[in-house]
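Some structures are shown below for you to check.
There are two complexes below, and they share chain A, which is joined by chain B in the first and by chain C in the second.
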Partner chain A sequence: MNRSQSGKNGFVYKLSVRIVFTLVVLGIWEYVARARLLGPRSELIFPSLESIGAAFVRNFVKGYAHLSLWNYIGNSMKLLLAGLFIGIALAFVFSGLSTVSRTFSVIYNYVVSVCDLLPGVALLPVVIVIFGVKSGVIVFLVVHAVIWPMSRNIMDGFMAVPMIYVEAGRNIGLKGASLLFKVYLPASTAYIVSGLKVGWARAWRGLISAEMIFGIASCPGIGLFINQMRTNMNNAEMYATLIVIIIIGVIVQYGILSPIEKNTVKKWGMSR
Partner chain B sequence: MKKYTIKIVSVAAAAMLLGLTGCAANVNVAQPAGSEAPAETASAETETAPAETEAAPAEAEAEPAGGADETLNLSYQYGLSYAPAVIAQEKGLIEKAYNEATGGNLTVTWTQMSSGADINTAIAAGELDGGFMGVGPAVTGVTKGLGYKIFTNLSGQEHGMTSNDPDVNSLGDLVGSDKQIALVNTGSIQHIILAKALVENGYGAHDLDANIVAMKHPDGKAALESGSVACHLTSSPYIFSERENSDLHEIKEVADAYTVDYSFIVGIATEELHDSKPEVYAALCDGIKAGMDLINSDPEGAAAITCELDGNTPEVELDYMKKGTYNPDTNKLFEVATFMYDNEFIENAPGSYEDLVFDNVKGN
Partner chain C sequence: MSTILEIKDLHKSFSDNPDGTEVLSSLDLEVEKNEFLCILGHSGCGKTTLLRCIAGFESFTGQVILNGSAVTSPSPDRIMVFQTFEQLFPWKTVFGNVDFPLKQTGHKDKAERKRVVEDALKKVRLSEYAHYYPHQLSGGMKQRVAIARALALKPKLILMDEPFAALDAMTRRELQNELLLLSQTEDCTILFVTHNIQEAIILGTRNIVLHKGGKIVYDKRNDMEKPISPSSEGFGRIWQEMRDAIYME
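Up next is the complex of A and B:
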């Protein structure tokens, strides 16, 4: 089959491959669980799909400490969106500034290279001393997770803009900010979209690990929920929560990021 | 060009392999004293252990003079509360007890983990024969059917809550406010202590749940001292240094709710170990008991062993150690377990005291 022909056939092909693969993985899981391959306490640490399914429902109906999992998801998403918004906005501002000023560009490149390597959760003690223990700490960690890869991609995108575009822009009288908005940004959309993907994935993981280390009971998130389930040896509930995390990730990927990609870079013929 | 790439890749791969083996060696924190078998081989031995199980007791009975060689995998956590286990490890007391009773060699592998939940998971996976943890996770594990019971009390310690806020002098000042309380985790023994103090003073067990911030002991102490949270509920030895800090004052109701007389850390052993390797089980009980005896009879000597691991001077370590209780009988264990069930900290009811402990354990 010619995959570049895409259309309906390509979609059906991709979907069926994924469904078959998922079924095989689930089949292996179920076999290991049912055959109790992990010893006498197999069901506790490696629950069957049936008990994970029941736990999935229980998470939303019963939840933990009289709060449904919906509350935990809501709190996490609130912090995540705040962090993503601030992080992406700052990445655009700083990367934009670095196209305008050469000195700023040198400094900012250096800062990005250094900070990108620091895992957010390792910064937690410092962040707590500076910000206290409010939900702002989680927002800060999400900003930290998203701003550096996003900036790196935006700046790489700007670097890759062909000189001829920039010269053409200058010829028609663009400079500074107008050059940035009319030439640099549209020409580097492919990089920006891939930066969004990386930034989102990092932010999502960073959020949940931060919540697992540092739980604010007045604003409990998904990470705290997983930790609770682990503490109480409710492993079926824990796995069910991981599935919730995957579902949210898939919704964002296919419901938000893919449409953005389709309507910009794919439509403009910048990528396949 | 291609050759260079291959070289670089192989060097990188070698470096990663070295790193991995380094990690694996670190997992087994300490080599058992006086044992010939290196710690690294312990995991392999664990796998073969069930096969030996059936033969071992019979063999030991047949010739008690030259008993069978056995292995024992244990796990404990950080801090002075685990002192009897640390001393048993450092002085090889369990190995010695086994050797004196049967004449055989016992290889004990100790692993340090950072929470009772981790130890519970490792036990469920069949990786450990026993371990040491707080009453909270131990009762959770027994009632969840992890297949273990408590074989000894390990220690009782002081707990308390201090505050940096002059307006907070009792639990009543906190109920209904948005002032934050740092403690290790919701559902932890510290959370249970808070709930118990609330109930004993006429409030609801979960009235302060929304005020909790889950933080490890040292992070909570730092947050309290920097003013990020209003209160910190913690245990020995952190509570001692907070009490000495003149900027902080104590909320007395909490310390009274869970005194040093209560069982705090307990030792647990799998039913499999208890039933199929009685000699090893007996050596485990005797070795830990010997560790406690040393603390009670020669606290200076005991503090000298543990001070370095806890990062204290011998004088401070001795002072802190004397504030704890170390004896094998549990106290108020069932009362706490019942409180946990009544206030929804655990889902399954603890049937009776005997359901929680093995038959050699005395107390309540």
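Up next is the complex of A and C:
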């Protein structure tokens, strides 16, 4: 039987495999925890599911330093959204400019290629020297994470717009900005969406890493929280926070990115 | 009848053409209002180039005059219908593809636009598919939408570059019949490029044959009473004349 062709059955099949697999992993985990297979350190490395569950609740109710985990999540999201917004907006502005000026396009393509190779975290020391330890540093890193892949994708997308759409647009009198917004932009949606995905993935990783390396007291985020749990040996809390991080990732993927894709390129039969 | 399009001493060469020969050299042509002009000729003789010059997509020397004013750039008063099925915007529905050009060309009244779009879709028998996206349509349906899009704009000229060439024989015949009917009932002037002599005779009120360099070697009105079929009286004679013109040295 070809499972990939059996539509709904394929979905049920995949889902059940995943559920069973997860249960097995949890079962093994619980067994290792209960039997204390790792000796005295067992409780640190494999806290029981029950204690992780309790820690999960504790994270939100009690939190750390009189702040619930909600506050840390809120702070992280605030910086993340600011960075994403600025990064994406700048990517559109610069990519748009590079369609207007050839010189700008050459320079910007060069800048994007170079900067894209630079992991944000490696920039951290430099940025701290320049800005000091402020929440702006995290925003800067998120911008850095998202702007280059986004720009690369937008510019590639513009380049790949079929000539026929451009001519159909010019035929009805579109030119300059109207051609850019009404033809080039929608025609490169597939590229823009994939730029969003890469940008989000990098920004999210970059954010957590930066927060873990140096937490900002004025704006403590999830990365700082999980790091504090480690220093305080609250290992159950640490695992519980990891689960929270995964949940946020899942929400963004399935609550935001997938619907965007479904309502644009998938709907238009344009997905790459 | 009045002249709508006047082409005088049209020269066109492509700068990246290695031997620098002209694709069109000194082409003169006049087209009457409401004419259905079919353009035939060997592959590479410059039919597409001629349409693109008229549409304003190419630079050229000489004059292309539409209703008294010189053509310099693309404009909605000359709408191209291309051969490729991919000429519709995939991010717009069938309705949107017809509506959007209207909106862009200054038709502000939304209700009025809706009426025009629905009317155009009805003419090409696609009313039921208004909410479909292009990728959900067959090739023939996509070409129908492209025709509806052109009709709705009421352009001075519709420039069709082998719009049916990629269709299967049956669909092609169907679309020919529809286009014939529309060309007889709508107030429009059509320049129609084709490789198919039969198609030209069935549709055209005038047929021309181009040779290399855009030289017009055949130019005759087609006064046979429509609808024309291969069994119509005189069909064979015209067919032979045109074939001879195409293959003439």
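The rule is short, and it goes like this: the second predicted complex is superposed on the first by the 237 of 272 C-alpha atoms of A that agree within 3 Å, B and C clash if a C-alpha of one lies under 4 Å from a C-alpha of the other, contacts with A are read in each partner's own complex, and residues count from 1 in each chain.
Note that in this section a contact is a pair of C-beta atoms (placed from the backbone, for glycine too) under 8 Å apart; a residue touches a chain by one contact, two chains touch by 3 or more.
If you're wondering where the values come from, they're calculated on a predicted model, not measured in any experiment.
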- Query: Of the partners chain B and chain C, which touch A:63 in the superposed model: first, second, both, neither?
  - Reply: neither
- Touching A:136 in the superposition: chain B (first), chain C (second), both, neither? neither
- Query: Touching A:214 in the superposition: chain B (first), chain C (second), both, neither?
  - Reply: first
- Partner chain(s) touched by A:230 [first = chain B, second = chain C, both, neither]: first
- Message: If we overlay the two complexes on their shared chain A, which of chain B and chain C does A:187 touch? Say first, second, both or neither.
- Response: second
- Message: For A:164, using the defined touch cut-off, is the partner it touches chain B, chain C, both, or neither? Pick first, second, both or neither.
- Response: second
- chain A partner contacts - residues on chain B that touch it in the complex: 115, 117, 120-121, 123-126, 137, 140-141, 144-147, 178, 180, 182, 185-188, 206, 209-215, 219, 222-223, 226-229, 346-347
- Spell out the part of chain A that touches chain B in their complex, as residue ranges. 38-41, 44-45, 65, 124-125, 128-129, 131-133, 214-218, 224, 227-228, 230-233
- Query: For chain C, which residues count as touching chain A in their complex?
  - Reply: 55, 57, 74-76, 78-80, 82, 84, 86-91, 100-101, 104-105, 133-136, 153
- Residue ranges of chain A touching chain C (in the complex, touch as defined): 162, 164-165, 167-168, 170-174, 178, 182-183, 186-187, 189, 264, 267-270
